[in-house]
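My questions will all concern the structure given below.
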Amino acid sequence: MTASGALLEVRDLAKHFVVTKGFPRPVTTTVRAVDGVSFAVTRGEAFGLVGESGCGKSTAARAVLRLIEPDAGKVRFADIDVATAEGSTLQRLRRRMQIIFQDPYSSLNPRRTIGQALTEPLGVHGLARGRAARDRAIALLEEVGLPPSAYDRRPHEFSGGQRQRVGIARALSVEPELIVADEPVSALDVSVQAQVLLLLKDLQARRGLTFVFVSHDLGVIRWFCARVAVMYLGRIVEDGPVARVFGAPRHPYSRMLRDASPIPDPGIRGQLPRIVGEIPSAANPPAGCHFHPRCPRASDVCRTVYPQWRADGHGGVACHHPED
Amino acid sequence: MIGFIVRRLLASIPTLLAVLTLVFLLVRVVPGDPAIAILGDRATPETLAALRAELGLDRWIGAQYVEFLGHALRGDLGTSMVTHRAVWTEIGAALPHTIVLTLAAMAIGCLIGIPAGIWAALNRNGPIDVLTRLLSLLGLSFPVFVSGIFLLIVFALHLHLFPVIGNPRPGDWIDGLHKLVLPAITLGIVMAAYVVRVTRSSMLQVLGEDYIRTARAKGVPRRAIIWRHGLSNALIPVVTVVGLYVGILIGNSVLTEIVFNRPGLGKVIVSALTQRDYTMLQGMMVIYCFLIVVVNLITDISYGFIDPRVKQ
Amino acid sequence: MSDVALSATPSSWRTMAGRLLRDPTTLAGVILCTIVVAGALLAPWLAPRDPLEQNILDRLAGPGSDYLLGADQFGRDVLSRLLWGARVSLLVSFLSIAGAVVVGGAIGMISGYVGGRFDLFTMQVMDVLLSFPSLILGMIMVALLGSSVTNLVIAIALTAIAPFARIARAPVLVLRERAFIEAGRALGFSHLRILLVHVLPNIVTDLLVMGTLWMATAVRTEASLSFIGLGVKPPTPTWGGMMRDGFENILDQAWLCIWPGLAILVLVLGLNLVGDGLCDVTDPKADAQ
């Protein structure tokens, strides 16, 4: 059942990592990195996935692309079941969904030239070879704002921001419809971040791209995305339009995140955020609502029962005492 | 600590079993029939069948394997096909000589190698360093039997300082020591070469670490820095190399024993090879590999003492 | 995260070769190796006599005008045997190590890439192989298979496979974590393509460097085996075999041991020097000369 216009639909996605250690009696720990995540992204939309380190957002993004095999849940891309796709179906799907990585320094093979990095996917998918491939690669370089002379150079000759552009060009080479951006600017200097973000925005408009934008930086999400989901310990605790989630957050965790990333505006008098405690280990989440040990509004029911998802048309929240 | 040792012991058991299996397979993969090899001209169909039955070769290979394992684990390695004495007895007579030689070589190697390595590291890129590196490379490049023969020619034949034949007179330990010198030096040279290189690079790495710089900044005297802070950490990889190299040493001791005509496992294995004494070969391989597994175990455990991080 | 390539790129090979040749010890090694290779290649023209030709009357002659380096116990010319013996040493060591690099490298690369239980199991097997002293393993293999050049090559190669598997595996473990490998998967590259195009070039240099050093070991092993009597069968001249003959006659004519011994030393030292130089040049963290 596809929501109207939804390009990507994720339902109850789960991924566990099982670790068995210890001697003589081995102890098995299950880390529930992604524990029942559901969201939908409409075509042309920029959807954000935000949360602190270890909340599972990167794992979820990779599971959607099947770079990591999901343990449970459904992923549908344009009505094709991603989780069960095989062979040539999967190969065709790969063309339509691409990823941009966080680390510009390890996302390119240091031994290959930029030109080789761009033409290789063209060859593998049979899109272009030889002269035609070279022309396409140069066109891609221009599209991301790099000079054609970059074609014969190697990654180490470029800065982080430029390498990230190459990574973007490479992802675009197979003409995808959806791009998962996994912290695409987190590793870049602040001045460069803006350039790359502008480039992504521009590409979205020109090519009609759909984005799943994973980040821990609220400012970036706020600027780039239309809708956002907030993740905590493998689950989505709130989602909705960006303005609503960050303007009037309903889940205490969303509020905590929002307050911790202030808007530079001397006119606003904000309260100092109350940040309590650290993120517990995903191997042993607290009973009931995962957030209750740090929540200023926690009550008895919060300590024992995980809150139901309450949807309200534009989004939803999983909390016993959401703020209104 | 005990848990660590127990864990390590248990981890070496599958390796030991695998080694035993490999030995079993190797010896039986041989093209040709050991019974024929032993009897040679005297082989008739009756004697062949009799010998095969005696050696247990006519049974199903699975049964042979189980029997082999059972015997091996109980310490019974069978009887030599040639001398008809228990393999254990032959090995037991020869093993002490080889062990003495190996230990002497290790001692020489470390006594020369470690100080030389430290000295070279402290005088980095100076003339001492360059000389040490060249000498150690030279030491590594000499195959053991070549250096053994050269030493023999110079010190025994020309200078008459040491005897040519290496059989120590039983009971006379001074004579034993006298005859140990050249072979031990031969083996010790190669060992020293390895140890020098590892000690030097390990020492260099440790000296460049931050905690050394901190000690110096705190005004700790240079001598104390080298001895207390630097050395104990630098020695960790040296222990590894010594442990690793024992395997090579044991192999090389074979050559040395041949060159200097010393009693030891070397002679035993060579005669077993040339005479196709399969039970002996089998037993020898088990012993060699067992020795190496034991040495690795000791190395691992001593790691636990030297480097507290390893015990987890 | 380091952005340094795991090993050198082809465009920098020329610079590497330049730096190699400028280092005096490495240069010496190259010269030594070249001398031996030249001797082996040009043996038919350089050797003054047929290495198998026996002249009993001249047996155990010392170095002199007739026999430049002397004659052995069968009256055969030592110099000629030395030159022809170089062929055996070079051939056996090169072929065996080439085989070990290809087989061991493939095993290590695939094992490291696949990971999981397969990797664990394979490495256990390699550890077992490693626990055999290589000389003993070589001896036993040759004794079991019989001594011919082929069997010698196989035996020595077997002793080197496990080390190369380890050498190939280590960088793969690091490489696996790099994003460009994951990018290849995301772009739809097959595992085979990733292994051959993206992983292999990063370990090739490591393998070649260790291959050179291991050739030195292979030469030593072959000579040792010949010395014991397990090498290539006489009357084919081999350096180890010549030392064996010389050893039997050491009291009469010590020179018979010295020449082949020096020859072995020259080749092994040369290979070690070159290998060491390669190590220094390709390892970005090695302490600079």
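Labels for the chains are A, B and C, by order of writing; each one numbers its residues from 1.
The definition used in the following text is that a contact is a pair of C-beta atoms (placed from the backbone, for glycine too) under 8 Å apart; a residue touches a chain by one contact, two chains touch by 3 or more.
What you see is a predicted model; the values in this text were computed from it and never measured.
Relative to the centroid of all protein Cα atoms, the closest per-chain Cα centroid is that of C. Counting C-beta pairs in contact, the chain pair with the highest total is B-C.
Across the assembly, the mean Cα position most removed from that of subunit A is the one of B. Subunit A and subunit B have Cα centroids separated by 56 Å.
Between subunit B and subunit C the centroid-to-centroid distance comes to 22 Å (mean Cα coordinates, whole Å). Subunit A and subunit C have CA centres that are 50 Å apart. The touching residues of subunit A, when paired with subunit C in their complex, are 65, 67, 91, 94-95, 98-99, 101-103, 105-112, 120-121, 124-125, 154-156, 167, 170, 174.
Those residues of subunit C that touch subunit A in the complex are listed here as 1-6, 9, 177-180, 182-183, 185-189, 193, 197-198, 201-202. Taken in their complex, subunit C has these residues touching subunit B: 25, 124-125, 127-129, 131-136, 139-141, 143-146, 216, 220, 223-224, 227-230, 243, 246-247, 250-251, 254, 257-258, 261, 264-265, 268-269, 272-273, 276, 287, 289. Residue ranges on subunit B touching subunit C, taken from their complex, read 14-15, 18-19, 22, 26-27, 29-31, 124-125, 134, 137-138, 140-146, 149-150, 152-153, 157, 201, 204, 247-248, 250-252, 254-255, 258-259, 269-270, 273-274, 276, 281, 285, 288-289, 292-293, 296.
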